[in-house]
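The block underneath contains the structure these notes are about, expressed in structure tokens.
Going in written order, the chains are labelled A, B and C, and every chain counts its residues from 1.
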Amino acid sequence: MSLPITVIVERLGGTLVGSSELSINAIAPLETAGPNEISFLSNPLYVDQLDKTRAGCVILSSNHIKQGSASRGGTFIVVDNPYLYFAQLTQLWRTLHPLHDSSEPLVHPSAVIHPNAHVHPSARIGPHCVVGSGAVIGERTVLTSSVNVAHSCKIGADCIIHPGVVIGADGFGFAQNQGKWVKIEQLGSVLIGNQVEIGANTCIDRGALGDTVIEDGVKLDNLIQIAHNVRIGAHTAIAAFVGVSGSTKIGAHCTVAGGAGFVGHIEIADHVNIGAKAVITRSIAEKGNYGGYYPFDSDSVWRKNAAILRKLSSLRDKVKSLMLGGSK
Amino acid sequence: MSLPITVIVERLGGTLVGSSELSINAIAPLETAGPNEISFLSNPLYVDQLDKTRAGCVILSSNHIKQGSASRGGTFIVVDNPYLYFAQLTQLWRTLHPLHDSSEPLVHPSAVIHPNAHVHPSARIGPHCVVGSGAVIGERTVLTSSVNVAHSCKIGADCIIHPGVVIGADGFGFAQNQGKWVKIEQLGSVLIGNQVEIGANTCIDRGALGDTVIEDGVKLDNLIQIAHNVRIGAHTAIAAFVGVSGSTKIGAHCTVAGGAGFVGHIEIADHVNIGAKAVITRSIAEKGNYGGYYPFDSDSVWRKNAAILRKLSSLRDKVKSLMLGGSK
Amino acid sequence: MSLPITVIVERLGGTLVGSSELSINAIAPLETAGPNEISFLSNPLYVDQLDKTRAGCVILSSNHIKQGSASRGGTFIVVDNPYLYFAQLTQLWRTLHPLHDSSEPLVHPSAVIHPNAHVHPSARIGPHCVVGSGAVIGERTVLTSSVNVAHSCKIGADCIIHPGVVIGADGFGFAQNQGKWVKIEQLGSVLIGNQVEIGANTCIDRGALGDTVIEDGVKLDNLIQIAHNVRIGAHTAIAAFVGVSGSTKIGAHCTVAGGAGFVGHIEIADHVNIGAKAVITRSIAEKGNYGGYYPFDSDSVWRKNAAILRKLSSLRDKVKSLMLGGSK
């Protein structure tokens, strides 16, 4: 399907420079885009690619235009925020190339929806989903396929839940009794706000007493573990393999990189950015960037350094004794 | 549903101090509990909350009573182990508020159970579960929903298997042949004992030749990987994102915190506790606490330290030369 | 079922030393194998076990024979590469003990296959699988059970996809707009080559614009995350809990140990081996072994060392001042 460049500008704004005759067949990266494809330049590091690209049209900012790139000719859409414009263009593209035939039923016949569940008539429930008793699925929310939403869990409007997600399994709670574990029944639930997206095979456990809460606009990647009674603040984005232990609260507008972990019962302020694989062991009260992982190296260098690291306190003691004037 | 406090004490024991007229509507944390709710005090750090709570009744130990908390009036259940009592209370609560209508069939019609599988008539098999040929599911064991149990795998009695769990997928075994991987068919199986709980999307691979074994009373959190021929000892509890590599044996009564990993072919003694994100690279013969992760910090501090860490051996050499009396 | 030793040698080659009358009931490890079982010796560290094993037959190399092990009598198959021979034997075993009755249909009736999907008539699609519109499943490829293959994703021939795998969920892509995340529709797809094996609950996201590519012969363990627009080179093997961030390219014939992570937009050469839990933060141009994780220790030793590590730059500064002749 072909989309006139004029329609794009009409729908999404921006200033068209160059040919208004162009018709777009696809969105593509600068490196590979061809004459009937549209691309974008967002990262100034890639400004050189403008000279080489064969893209029929490039979305860019007026700064890039000033750098003389447009002088080579070609067609541009000049906007304030090219990356945001690109995102909006992908959405326009999706609207024009919908994933589902309007003749398909919104609820797939293989989905198992408990008679006491409340699924909004505009929600889409894909193949092999399971929605438990008392669960609520909001307006226009999509459970793609093989999604499990356990009893009493509530999902707001305009959410996208990817395959294999498990919402509302029991939190991991046990008391010790003479060397055996006694189950603490998980009597709380999960509350998910609006415009939340949850990646494939991510797990969000139900609360032990109160609820586990995911606020509006949160974006969770694949294979994330959210333990019982956690709260994730609005518009926070979390990458794959992040684990958040029980009762921890993460603020709003945070970002958490892949593989980071949070111990339980701590609190993270708003606007905190956590680096990859960091182990967050105490509350963070100040916004800012935090992180820490072991730097990788060639195997031989790492092994040597790690061996010294294991005896770091002895190295420190030697330095101390030297500072006091001692030597061997 | 309302539960007279006297019934709780009758069923679970403990000494009731205060009003025997009280009727309980919910179990709640100390901070949020209201006058018709019951709470518990287990961690002595929170003893101050006793003065502020609005809970109708608090489960606590005689120590806490002695600290004068009861003097403010109110209703208490005095027990030896408040946390264990709380666990038992949640179980009583669940019994009185069952998740499933007794009219529901134990095996959901959407479950796919191989005709050669052996499912005990008291087991519950939820929606979209798959039970393979020759698999055995024991008495009262629950496969919640979307659980996969592959051919020949055996699960004991009174287990709870949460959604998305995969039991008995092939272990990861290949031989090299001129740069290509040749599959080693995984001819073993998985044996799971009694009273085992397995969290959502956890994977337990079948053995290559012998079996992968999970002993009685083991508790596994979500998103855990148990490789082929691993053995997990009785009453060991493992948190999310833990990976146990092939043929490793973990003892009984161990705990493993989130994100820890074990290399293959090692042996961990009983009563070992492993800290978060630790990489366990050799056998542990002595019970005790082990761990290690890179401490997080503000991004700038961490980057500085990590850069030095990468040259730790050069720092060590400088100290050595200083110890020998040398300086630049 | 019993398999004459002569049939094994006839099918797989090797030199039979000893009794040609032997009939094999099972393949077993050296430690546990009995008189009607066959075992193998691959790792020279275990050569001592040859004297103790009760195995009816042992697969070994001529080196081991020379070490005199065969002098005790017994039956051996002498081959160049015992581990490879063992792998081939497991395959022979599987062929003779097939998992599926030939009367079972190749496509399970509970699978949901979109009418526009292209499933080769020789492919096996197990219970509760979902195959989206335009998806392609190649010859003899097996989707075991509960596998999700989203619209337009293509899987080659002779692949094995284990339960819970999600292929083609949306990549994690968003633009910021005044503190909120704007979804970038993921318009690319996933291309998977031939003879690829993918472990349980692993996720491979679809590309944002181009495709995510898994080349021929790649072996992925359980619970792996492959982000959008990643490319994994042919015959690379990756262990559990590895995360590969967006647009990163990993070469051919690499191995990646469990829990390692790759940041986005980097490139790893062919024949690179990455150690467990390593965080790979920049491109690697040279083949070789790379790694790095925090060494575990007893909890008390680790805590002491970690505290010093957090102040490593101050320790370095002290050494610098000592080198310059300063002391306190």
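Keep in mind that, in the parts below, a contact is a pair of C-beta atoms (placed from the backbone, for glycine too) under 8 Å apart; a residue touches a chain by one contact, two chains touch by 3 or more.
Just so it is clear, the model here is predicted, and its values are computed rather than measured.
Chemist: Over half of the interface residue numbers used by both chain A and chain C, so same, or under half, so different?
Modeler: Different: fewer than half of the residue numbers at the chain A-chain C interface appear in both copies.
Chemist: Through what angle, to the nearest 5 degrees, does chain B rotate to match chain C on its C-alpha atoms?
Modeler: 120
Chemist: Between chain A and chain C, what's the gap in Å when you average each chain's C-alpha atoms?
Modeler: Computed from C-alpha means, the inter-chain centre distance equals 26 Å.
Chemist: Of all the residues in chain A, which ones touch at least 2 other chains?
Modeler: Within chain A, the residues that touch at least two other chains are 110, 128, 146, 164, 201, 223, 241, 259, 277, 293-295, 297, 309, 315, 319, 322.
Chemist: Hey, which residues of chain A end up touching chain C in the complex?
Modeler: Those in contact with chain C are residues 27-29, 32, 81, 83-84, 86-88, 90-91, 93-94, 99, 108, 110, 126-128, 144-146, 160, 162-164, 197, 199-201, 217, 219, 221-223, 235, 237, 239-241, 253, 258-259, 276-277, 293-300, 302, 306-307, 309-313, 315-316, 319, 322-325.
Chemist: Across the complex, what residues on chain A touch chain B?
Modeler: Interface residues on chain A, with respect to chain B: 110, 112, 128, 130, 133, 146, 148, 150-151, 164, 166, 169-170, 172-177, 179-187, 201, 203, 205, 208-210, 223, 225, 227, 241, 243, 245, 259, 261, 263, 274-275, 277-281, 288-295, 297, 301, 304-305, 308-309, 315, 318-319, 322, 327-328.
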